[in-house]
Amino acid sequence: MKKNISEKIWMFIKYIALILFTVMCLYPLFWLFLASFKTNQELYFNTWGLPESWSIVNYVNAVVKGGVVRYFGNSVVIAVSAVVVAVILGTMASYAIARMHWKMSKLVYNTFLLGMMIPIYGLIIPLFSIFKALGLLNTHWAVIIPQIALGFPMTIFIVCGFMRSIPRELEEAAVIDGCSALQCFMKVILPIAKSSVVTVAVVQFINIWNDLLLPRIFLTDSEKMTLPVGLTNFQAMYSTDYVGMIAAVIMTIIPSIIVYVLLHRQIMEGMVAGAVKG
Amino acid sequence: MNKVMGNKRSIAFFVLPALIIYAVFALFPIAYNIYMSLFNTDLMAKKQFVGLGNYIGLLKDGTFVHAFRNNIFMVIGSLIAHMPLAMFFANAIFKKIKGAAFFQTVFFLPSVICGVAVGLTWTFIYNGNYGLLNAFLKMIGLGSLQQVWLANKKLAMFCIIVVIMWQYVGYHMVIQLAAMRNIDSAYYEAAQIDGASGWKQFTNITFPLIKPILKIDAVLIITGSLKYYDLVAVMTSGGPNHATEVMSTYMYYQAFNILKYGYASAIGVILMILCMLSVALSNRVFKESDE
Amino acid sequence: MRKIGEMLTAGILCTGLLAGCGSGNVTNTTDMNASDAAATSADSAVDTSVDDSAASTEAQVLTMMLNGAASDAYVEGYQKIIDAFNADNEYGVVIEPEFVSNSDYKTKLTTMMVSDSEPDIIFTWELGYLENFVNGGKIVNLQEYLDADADWKASFNSGTLEQETYGGDVYGIPTAQCMAVMYYNKAIFDQYGLAVPTTYEEYCHVCDTLIENNVTPVALASTADDAWLVSQYIQQLSNGIAGNELFEGIKAGTRVWNDSAMIEAGKLFQEEVNKGYFEQGFTGVSGSEAEALFQTGQTAMYFNGSWEISNLDNPDVCQEAANISCFAMPSVNAEYDQISVGSLDNSYAVTTNCQNVEAAVGFLKFWTSDENAAMLLYDYGRMPATSIELDESKLSSLSKDVITCFGEQNALTPWFDRMNTDLGNEFNNSSIAVANGDDVQEIFDSLQQYAESNTQ
């Protein structure tokens, strides 16, 4: 009986902590949402209250002056194409590293992981020169390609981890049935590894969607900019239009949230699987 | 079997596309950086070979040493704050409580949001005059603790680490939770029969079995903390007076604001070496659970 | 395709390098990139012009990068000038502007410069900032163009072109001038019977009276991004203590950052902070927040640059617009009166990438013409760097006040971060430490130490 009570108290503490953190997670979002209806001065003098009027002028500004709709389209193009290529090629490489027999596989694996250890800020200038030489500056490729290259380490880290946990027997059976390596990959391994692939795709989509640095530097034409860059358009030389920026921020985070809410089940599964055997 | 799975051509087919892209757009820039770190250069007219001069200069540079210390503080802070907290939440949700799916979704949410938005929101929370934190302290009778949080050189770094924690605890929780869900429920059933308490179940079953994931998680936290840039740049730009400078913000400043490109490259190289060292270290720490 | 192939080989070469092969190949690789780069950029330049000429006649495109964001009012005015020039110019060129927000400008220009892809005409800050690029061989010497057009050269106010002169030649063209002034709210001053201070004692009296009446005297910001607002205040105090000789001395290296005048300025500032001259918790207040305090009449004064005119005389964004005027900060020592922090604003330079310098210079001449300078002044409050006939009826009253202030100055000292980006930024950081109440002597001692260790 005694145990039951302590268990109950423990349960109570757990719930308090969970609810507290829930509030902490949601409140800032709620605040951003409210702030998006305020004027710049209200932001400072009525920071935590309701806006005086539910005027959508900030959103209108964000769309008209800030060009948010156009940026949105560019963001989708860049994020989707980078994720698709990075995940397909990364998964293929993972397969060879995790399942196939060759001497260099460990070395190649470690070389890829090196990419997780470099800050992207250090690569900007050499990349800029490369893209200039290839004539790709100010095209979406200049953002997509590095995102692909830098997406590999994470993809390979997680997908390899998952694939290594799949029993050898499955493939052996397939090979005896006359499958080629490609068929083994497509028909045996990929269906099992699906959830880890989805996880990687979602995490990368979110990263690329939120990335500010690459589009900021490699794109010059405002027609080609992405959403987060649009946010900085509200920062003028001597002052910042915070409420306009917040309205744009709201429009930026909504897609991330939708993607996450739609796919969170798969993300969980993928994490389970991918993380289990690293 | 080996004939199929060891086929050179298939291996090349699977690996080469990724490897080539990676080599050109990631490895080549890394090599270029290492090379440039040996020069005193602004990449324009000035290019003077200085050997290890930049590295020696960094050791003598008080700001860099401070930034370095901040990064180490961040790594340690994130490790001891992220992991147990994430583990606590993961364990709480794992025990099939009401609303588990809801909590899980909500906790992950902050890591989905871009740094600009997070930084902006928390700048307002920390604000000295009408910030939520000060208002809260006043409400619970701790008004004497009120202050301008991000302007306090002793507390600013700590404040930023709290925000990073806020943003990523849910992320690490999901990773750990995933591992917990993967544990065979038979273990717990057996423990139940033996009458093991919740705490005993955690120390004897859950913790040992998720250890491999904790290793991965540690690697993610360490490399993430060493490379960290976003929130520092948005919230304090490394200020007040370099108090929150970290290696990546310092590197960015050196390269783009004052054109000391060689010097900045050296910072990048040191950052990379540190990452590798700490990954090796965490591999060693978690070694026994590996094999 | 050939180039892609080369790049791939280059990449693989370097992979080999990483794995521990010999070194020395890297130099070749980089050189190869550079030459390829030049070829490609020429190609692409031709491509764009062909694209454009499909619609109009054969027009050469000059690219231009400007500092401005959607929320900067003057962007509209700049666009007007560019449009007018594009519609009709004797060179048959088209200017293609790109506005980059301030937070990205330096990063972007640096990246473009070091990879040889800078636009033809660039926005720049004077003194130290432009000097880096001049030394890098990136900027066209404009001296001969100025010499060839005596009227144009003579139209610039004295002391302006000098700040973009390196080795005796001019490399940048200023389009505006600016200075830091103390904006004040006439209604609040009237309410407490205060007059515009002409000495530092009077300034203190004004502040003290306001404090007695529970009005915050001055709005000031000091977050890291707005550190320059604090440092310009301290610099202004130091001007009033030791005159512009102090600035010139530090610039020339004959005086030190821990000069006794600088220490005195820092201590004086801390004294003001302690007396409550600035809003509570100003160390955590951002620039736009401080401005909002002044715009809504919550503080009586606000110390900032003349570029703020358009944010303060416009009733749409500023409730107190009708009450705002300004004065130049009075000096601590009477002998150094009317020496303000001030410099150039919006300078432009032509880069060595430019294929048609003639046309680029023509465009800058057009920009600095009386007509355009007047338009920018009347409509957007930008004080021209050239002398123009003033039509006072078209000036807002605040613009008039600022111009009067400006005309009364005996000397201007540029912001330290324009004198030298590196040291100036350190000065800004040091100022923040002063604002936070650290020991002034120690702060400036270590700043001097930094300066010494960073100049060979």
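First chain written, first letter: the chains are A, B and C, and each begins at residue 1.
Convention: contacts are C-beta pairs under 8 Å (C-beta built on N, C-alpha and C of every residue); 3 or more make two chains touch, one makes a residue touch a chain.
In this text, all values refer to a predicted model and were calculated from it rather than measured experimentally.
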item: Most contacted chain pair (by C-beta pair count); value: A-B
item: Taking each chain's C-alpha mean as its centre, the one farthest from chain A; value: C
item: Geometric centre distance via CA averages, chain C-chain A, whole Å; value: 37
item: Distance between the centres, which are taken as Cα means, of chain B and chain A, whole angstrom; value: 15
item: Touching two or more other chains - residues of chain B; value: 24-25, 27-28, 30, 32, 43, 127, 252, 255, 261
item: Sites on chain A at which at least two other chains make contact; value: 44-45, 124-125, 130, 232, 242
item: Residue list for chain C, restricted to those that touch at least two other chains; value: 7, 30, 107, 111, 114-115, 286
item: Of chain B, residues touching chain A in the complex; value: 1-2, 4-8, 10-11, 13-15, 17-19, 21-22, 24-30, 32-33, 43, 88-89, 92-93, 97, 99, 102-118, 120-122, 124-125, 127, 130, 132, 135, 166, 169-170, 174-175, 177-179, 181-182, 197-198, 212-213, 215-217, 219, 223, 227, 229, 248, 251-252, 255, 261, 264-265, 268, 271-272, 275-276, 279
item: Of all residues in chain A, those that touch chain C in their complex; value: 40-41, 44-45, 65-66, 124-125, 128-130, 132-135, 137, 216-217, 220-222, 232-242, 244
item: Partner chain B, residues of chain A touching it in the complex; value: 3, 7, 10-11, 14-15, 17-18, 21-22, 24-26, 28-29, 31-32, 44-45, 47-48, 89-90, 92-93, 95-97, 99-102, 108, 111-119, 121-127, 130, 145-146, 148-150, 152, 156, 161, 171-172, 175, 179-182, 184-185, 206, 209-210, 212, 228, 231-232, 242, 245-246, 249, 252-253, 256-257, 260-261, 264, 267-269, 271-273, 275-278
item: Footprint of chain C on chain B - complex, ascending; value: 20, 23-25, 27-28, 30-32, 35, 42-46, 60, 62, 123, 126-129, 148-153, 236-242, 252-253, 255-259, 261
item: Contact set on chain C toward chain A in their complex; value: 3-4, 7, 30, 33-34, 36-37, 40-41, 43-44, 65, 67-72, 98-99, 101-104, 107-108, 111-112, 114-117, 286-289, 291-293, 295-296, 304-305, 307-308, 311, 317
